[in-house]
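Dropping the structure in here first, questions after.
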């Protein structure tokens, strides 16, 4: 779960715990040990791993600088790499992202690359050494869900690294769908922090992720164009 | 959870328990105490309520007769009323359904009416005294999910009785969506009994229903056409 | 094309001509020969057939009375039968519709039955003698398009009478889709009369209906999950 | 209209004429003046402009070489730039595409860039000097239509150069939708050449493009969640 958009630290803490998350992202641009000390401690206490991110960076150069600061401040080489194109769409910039990934991998970072839903770009990021790819479902904060499930499925089918759906999720069923499409995890922020009841929504997502993961493993029935006459119609001897 | 389509009684029992269901339906047409004794006992042991259904009935007359047999055999006046139009679509027949509901309510049955997704018909069934309305998401056994969420939402918004989504569900995210649309419960059969691993899928649905119910209660964020610039962009002093 | 919702008679006339429609509906409840004389004449002049409708009727009894008035006033036994359930949803009432269709067919009317998208009801109306069935794509005036293409396709696949998509259409592509699903025609009102430029939108729909009809006849390519390597990749000798 | 996938030259010619196209693409990799002479003449005779493409190129280097060959052979500096990532998905490679666009613009080509549906990449291609951007609706040859209308709308809203929807279109309503989303044109190949009746399908698309363009200009009605009580309900004195 991400930490963006939370109106208060108290609510954020409760939502993080309710969601059962194992990892949270923190924007380095706004990181202030003084202000954020209590939340930081809460994360440590509950074994929630911190993934610093480069939110607000528009170029590979900015992202690399921010990453180095993060590594020093938080003593981790894990990094959620965000390189966005502009403030209106907040969409990733493919060219800068490729450049930044290459540099950061060379500098020894474990790069979790926030990307669009282009299957070609996702595979390229993996080939450059990204630790995980994080395609968006829809633009950040829209809550539109997964606009193009076809692409997410294609990304998953070709990936050897974990695929984490990031951005766009609005409600629990979106997260379940992401897992059913084969994603390994879901990263949430606004959908939880700006829900009317963030703690309750955090819990909803916890169950949704479990539901989707189990359903994927359980092997769903195929979609059929026509009704399936139940066995009762076919005269088989059975309970129903 | 329904019991239709299960290839074996053993698997069915495991799936029923995994799903955490509180109620199961049993087709009277195929009910045989001798064959089904062990499953019946399992239901009793775990406090799972039995809802006999009129699967295979094409007319109000048939349905009423079947209902009376069910009441006698299973000692319950609860009834899932199914009156279908034909064996190809397995879709409910609105006219016969209305007729049957009226008769059965007058005979003292608690009618759970399996209906199409027409908001007008759902309200009429309630006004005739149905205990619950059970609109379909898609034709039985298709696994197509909820083809017309708009109608389900409309049914819920006008109902005073419980709304249970019945038929069409294929996987966990469909069930979560049903709950998010405001349904009170979901009835499953094929999606669990014909999954590759029914017990695992039963558990998936248990979490999906919880997830959808919590998400509905938690109040989801609104859908937005455009990205929501995170707070970091707006210069607010905060953790992220 | 219908005539509902037009802010002025002048614009309505232009839109009717631009759409190339062969038939228009007129609500009997508001029919006033004095006021509507000029439009009526325009219809006659251009060979556009008038189909009186029973808009505003809530019961079979009302609809039959209105139909008889229409037959007398407009000297036609063609009738668009609308029996709606309430003023909020404007959705058809299945039970009253069946009743009214039966009565009107017996009285010699050619009944064009406005219905929901329930395939069972559509077939029942046909079996009762309806001349055409007119399923909705979405509730009247919503412009939501065809909410459940699966049902429309099912209605078409089983119908022997013409199927006319009525209500819900918002723009040209919706009408093209209706024809591709196999509908024989499309009935429009709000989508044209309340467009910013009704005459232009009328012309748009004319082309959309032609496009959809031709595409249906031409036999579309199948949908494929994966890209189709173009012939160039397979080494066939050809122009491309 | 493109020329890919046509089983015969005769059918292709008929389809091209029926579609009313003003421009067609030709793959340079397979271009053979001897074989293709008659079709080439047909294009010239009907004033259909030829847009050579770089189909089959996987790198910027290949694409630039192919482009130079095309300019020499066909005496045009117009070029449809395709740089795909692999033969399985046939999806564009963002990085190579950016590189190739830059080089080709510098060499004086008018670049029509075939791209994915990423709004950031589309804008970057325009900023590099592309004459037009050609986002895909879905992978080549799938006929899945426009998988992410939200992205296409975003691309259009920010573009100053023409936007031509390319790839993925399956049938007429898809093309109408593309125009309604604001595209300036649609490029077709498989959807026409592999339809059961290519000439008829070509004509269908001609009307669909007109329909969508007119509908966009005419200003569609807004989508509404609830039925719009027709004027008849509001007591206004009018024809209907």
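Letters A, B, C and D name the chains as they come in the text, with residue numbers starting at 1 for each one.
Everything below uses one rule, namely that a residue touches a chain if its C-beta (ideal position, glycine included) is under 8 Å from a C-beta of that chain, and two chains touch if they have at least 3 such contacts.
These are the chains along with the protein names UniProt gives them: A, B, C, D = thiazole synthase.
Predicted, not measured: the structure shown is a model, and the values here were computed from it.
S.K.: Spelling it out: a chain qualifies if it touches chain B and also touches chain D; which chains qualify?
M.R.: A, C
S.K.: In terms of residue numbering, is the interface formed by chain A and chain D classified as same (over half shared) or different (under half shared)?
M.R.: At the contact between chain A and chain D, which are copies of one sequence, the residues are largely the same (over half shared).
S.K.: Please report how many Å separate the Cα centroid of chain B from that of chain C, as a whole number.
M.R.: Those two chain centres are 33 Å apart.
S.K.: Roughly how many whole angstrom separate the Cα centroids of chain A and chain C?
M.R.: The separation of the two C-alpha centroids amounts to 45 Å.
S.K.: Please list all residues of chain B that touch 2 or more other chains.
M.R.: In chain B, 89, 91, 144, 150, 225 touch at least two other chains.
S.K.: Which of the chains touch, listed as pairs?
M.R.: Result of the pairwise touch check is A-B, A-D, B-C, C-D.
S.K.: Residues of chain D touching chain C in their complex?
M.R.: Interface residues on chain D, with respect to chain C: 2-6, 9, 12, 25-27, 29-32, 35-36, 39, 55-56, 87-91, 139-144, 170-177, 180, 189-191, 194-198, 200-201, 203-208, 210-215, 217-233, 237-240.
S.K.: Under the definition above, what is the set of chain C residues touching chain B in their complex?
M.R.: Interface residues on chain C, with respect to chain B: 85-86, 89, 91-95, 98, 116, 118-121, 123-124, 138, 144, 147-148, 150-151, 154.
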